[in-house]
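Two complexes come next, and they have one chain in common, chain A, joined by chain B in the first and chain C in the second.
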Partner chain A sequence: MPELFSEEWIREYIKFLNESSEYQEAARDWEGDFLFVVEPDEELERPMYVYLDLHHGKARNGYVVNDPSEVNPAFEFRGKYSNWKKLIYGEIDPIKGLVSGKFKLKGNMAKVMRYARAAKILVEVAQKIETRFPEK
Partner chain B sequence: MYAGRILKIDLSENYVKELRPDDKIYREFIGGSGIAVKLHLDMESHSKDPYGPENPVVIMTGPLTGSAPSCSKIQFTAKSPLTLGWGESNAGGKLAIYLKRAGWDGMIIVGKSRRPAYIHIDSNGAEIKKADHLWGKTTYETIEELKKEEGNASVAAIGPAGENLVRYACIILDNSRAAGRTGMGAVFGSKMLKAIAVSRDFTFSPEMADPEKFMKAVRELAGRVKDSFTANMFKEVGTGGYVESAEMFGDLPVKYFTEGEFGKADRISSNYLIERYFRRHDGCMGCSIKCGKVLEYGGKEYHLPEYETLASFGSLLLIDSGESLIEINHLANSLGLDTISCGVTIGMAMYLTEKNLADFGIKFGDAEKVKEYLKLIACRQNHGDMLAEGTMRIEEKLGLNGIAAHVRGLEIPMHDPRAFFSLAVAYATNNRGACHLPHQMYNVEMGLRIREYGIESSGRLENDGKGEITAKMQNFAEIFNCLVMCVFVPAKPSHISSLLKFSTGFDYSPEKIYSTGEKIFNLKRKYNELSGRGKEHDRLPDIVLHPVSGGTEGKVPDVRKQLQEYYDFRGWTSEF
Partner chain C sequence: MWRFSSPQIIFGRDSVEHVETFRGRRCLIVTDEVIKDLGYVDSISKYLENHETVAIRADEPCTDDALELAEKMRYIQPEIIIALGGGSVIDAAKAGRILMEVDIPPEEITPFTDLEEYGFKGKTVLVAIPTTSGTGSEVTWAIVLKDEREKRKVIMANVKTMPEIAIIDPFFTYSMPENLVIWSGFDALTHAIEAFLSSFSNPFSDALASNSASMIFSNFIRSHRGEKDARENMHISATMAGMAFSNSQVGIVHALAHATGASLNIPHGLAVSAFLYPVLEFYSERGVKRLNELCLKIGHNVLQEVERLESVFEIRKIIDGSEIKMHQDEIVKKAMEDSCIVTAPFVPAEDDIAEIIERMVERCMQEES
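Presenting the complex of A and B:
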């Protein structure tokens, strides 16, 4: 079982995502890369960073980032570890997470808000992976 | 802080008087529609004909007007010609700040002018002036003209819809801010009152009880606004940035509430419009969010339609052209029509025509016809005369039942109670009728929590607990109507408590804010009961209670169950 946001987890995630016809439909015109940031809290010691390049309904590339200054993504989506767990367990969805302040988003709002459904599917795909969550 | 003066303007007798209300009324009712409902009950306006000269219009600012962020709204209140009950509508722009800084907390307008008139206000008082040259003009033309005549002034004006007593006529302020709901524009029209112009006469400077602590509270709130996703979304793309998300949740009403999936949300959203036509940010004076935007389209400047308008004339009518919606919004605002009630009423006409229940000669998706009908409604010509009455009266006239999408006569806004269940009880019990403001239950269903009062949703498609959290949110949210603060400001009770305390010197703890809100909510309820618009109107029409596909997952709220819980929580009798 891969650990959340490990290289193995990302490989599996990209595979599932690229098999999702639902995602391909919802994000068919999307162009933009993301940096996902997991902020440490009482359950996590160090931050985690994942880069994901999404293009026209597919994930073109994705990898673990050690130093976030090494990448220059169009969007950044960040939140505390406990909130990421809630997201992946399906207890909150990405829009609710943003509205309630559990997650922060940087980037072109006009662009990203057009793909609310695609964002929801991105999370649903993550829920399909049997994930081991790191512990302190 | 308060100026301590209110204008009383009698249009019949052509006199103006200065009132100095007792300190007690400020302390007990804060401002805005809190003070207004107290004044209306004292004047017994509930027993008056809404179009009669004796129906007073009470217009109020609040204690934070011009001092705290996003407190540039002003409340217009009167007995509503649309709902026949409590009528209130607020709007931003500059009017509230100009009025307060001229040394006035508000005004009471009574009587009826024999000829078209407008009111000009500065620090010396008010003057009733002739408006024959303005009668018949659009809101934008009137605002433009009065700004030429009165110099640097903020203007609130009605259009032809208000003059012709369209029951959902609105008042437009300055840069396209609208006091849209409950037909306050029609009440102006019934008094032959075309506009109010307040000069920029900043002779009154609000003095804070504790300036240092007040500024600290302002900075804290500003920081929270800066961190708020919703506020940032509104800042970048306006309220219409929510259109696609609304469709995902099933919150975007489609085809007069009969379907759950539009499939073309991305063609009508402000995300689409901003990417193509954005020119500059716009908004209310003293607001950092600036949710208004100016677009450049076809060589002309237009205001960006709000979410409510994009949905009420877009998905609700199956119009999938954002460009058409820019034009429709401009036309509706020019004519002085509430875009929610107007869109829903046209949607009902389309629905009845499609179902062969009546023939209004208009079909879903016909944007050009909608533009034509807006003019007919505003001038009460042909089919427009009946449509000017709103959905409740159309249904009554045709002898139908459950089709008119309204509560208490006010048309249902563009948040679907099948997507966020607590909206069912919120709409059913809201004092001005079906309204998404200021209780913000759709935001509560999306994760907004008010910890101080235990307001948290159990899940957007759950019924349990919804009666209780809705009542609590209604009580809390009355404070926004009193201040008058924009509900887009993510202010917690503690923020509001600090702002109120350090500006007025009155001790307003979070508990007192809640209990005062409850008292004011109940006074508005009392007003409705005295008007004959009480408990028997706590219901939702069938048209929004049929299952639809999409984000609502085919689920429907249990209104009865929610109401039972609501009445129990409020300690009201629970019989239906």
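Presenting the complex of A and C:
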């Protein structure tokens, strides 16, 4: 079982995402890469960073980032580790999570608003992966 | 975690007198040319000492109008903004009061935008006085404006856009033209039903949504006949439906109405009334349980009631099905890009949306033949 946001986990995620015809339809015209940030809390010692390049309904590339200053993504999505866990367990809706401030988004938000369905599918795909969560 | 937000609500006959409490403060009345010509501004301004009035154009305002209004607000520097009008006026005022303080493109007012980070301090108090009973804009944190260049509806939303006070005085609704009574009534009914069916629905929004749907079913036709008490009830119901959907969101009917309205210039209330039945029928076939729950809760067969109202008000005769058919692909694309799509009871695929449009068009064509 791959650990959350490990290289193995990302490979699996990209595989599932690129197999999703639903995602391909919803994000057909999408262009924009993301940095996902897991902020440490009582359960996680160090932050985790994942880069994901999403382009026209596919994930073109994705990898673990050690130093976030090495990448310059169009979007950044960040939240505390405990909230990421809840998101992947399906206990937090991604949009509600953003509205209630559990997650923060940086980038062209007007553009994201037009791809709300794609955003939902991105989370649903992550929920399909059997994930091992790192513990302190 | 979720939240319930609402302005303070002053309601009932003569509630407009509440503006007297603003006497002595610098007020700006935002309205449109039609409301101004009806003389409604005087019914407010007579209570005020220090006020100015800005009338925006009466047809659907666009993002540029909101920016122009913000510019005027910056110049006038009001303490209190009183938006007097239908949903468009109130929406423009909601956008204007944010944009007067924050220099961002209107589209960047999203639910995720931290306006305070951009320097928003909430320098003004926004008071909304609706003159129609439909949009619920007086109590919501959503704004719908038109983007003239891209020919689409821009849906902005942020909790900071919500008015602080809503005054629900039925006085303004007594002289609503017939079309407006029908279309705004359908808009309010759709808000109530979609709020209940929304994937974000919650006990607070459910209470308001179901009660308002029930009140609308009991009062709509009598309000159309001009019975004053029914019109008052419709006015209150529309605000309750607004409170419901502002806290739980709407769904496919609105995604389709926004898309159709932007492509073909169909008024929002009319577009909503044309799509409500086909969408509900589609939900029913897909086994959306919440639809049954709503029926049980209010003691009405919602689908049948909507069909009855659709017939009584001859909605299908007004819609030009062939024109919609011609623009179907464009409407599907825009509807899928509408943020309301994700709060529907289930998230539809493009084919589902196309099917609903086809059903709607077919119903209108049947009526013609």
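Keep this in mind: the second predicted complex is superposed on the first by the 136 of 136 C-alpha atoms of A that agree within 3 Å, B and C clash if a C-alpha of one lies under 4 Å from a C-alpha of the other, contacts with A are read in each partner's own complex, and residues count from 1 in each chain.
Following the convention adopted for this analysis, contacts are C-beta pairs under 8 Å (C-beta built on N, C-alpha and C of every residue); 3 or more make two chains touch, one makes a residue touch a chain.
The structure presented is a predicted model; accordingly, all values stated were derived computationally and were not measured.
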Joint occupancy of chain A by chain B and chain C, clash or fit: clash
Contacts of A:25 with chain B and chain C, given as first, second, both or neither: second
First (chain B), second (chain C), both or neither touched by A:98: both
Which of chain B and chain C A:110 touches, first, second, both or neither: both
Partner chain(s) touched by A:15 [first = chain B, second = chain C, both, neither]: neither
Which of chain B and chain C A:120 touches, first, second, both or neither: both
First, second, both or neither for A:132, with chain B first and chain C second: neither
Chain C clash site on chain B (candidates 202-210, 310-318 or 490-498): 310-318
Touching both chain B and chain C, residues of chain A: 95-96, 98-100, 102, 104-105, 109-110, 113-117, 120
Contact set on chain A toward chain B in their complex: 92, 95-105, 109-111, 113-117, 120
Touching residues on chain A, where the partner in the complex is chain C: 22, 25-26, 93, 95-96, 98-100, 102, 104-105, 109-110, 112-117, 119-120
Residues of chain B that touch chain A when the two form their complex: 227-230, 232-233, 236-237, 241-242, 244-245, 247-249, 266, 269-272, 274-275, 443, 446-449
Residue ranges of chain C in contact with chain A within the complex: 1-3, 105, 107-108, 110-114, 154-155, 159, 199-200, 336-337, 339, 341-343, 347, 349-350
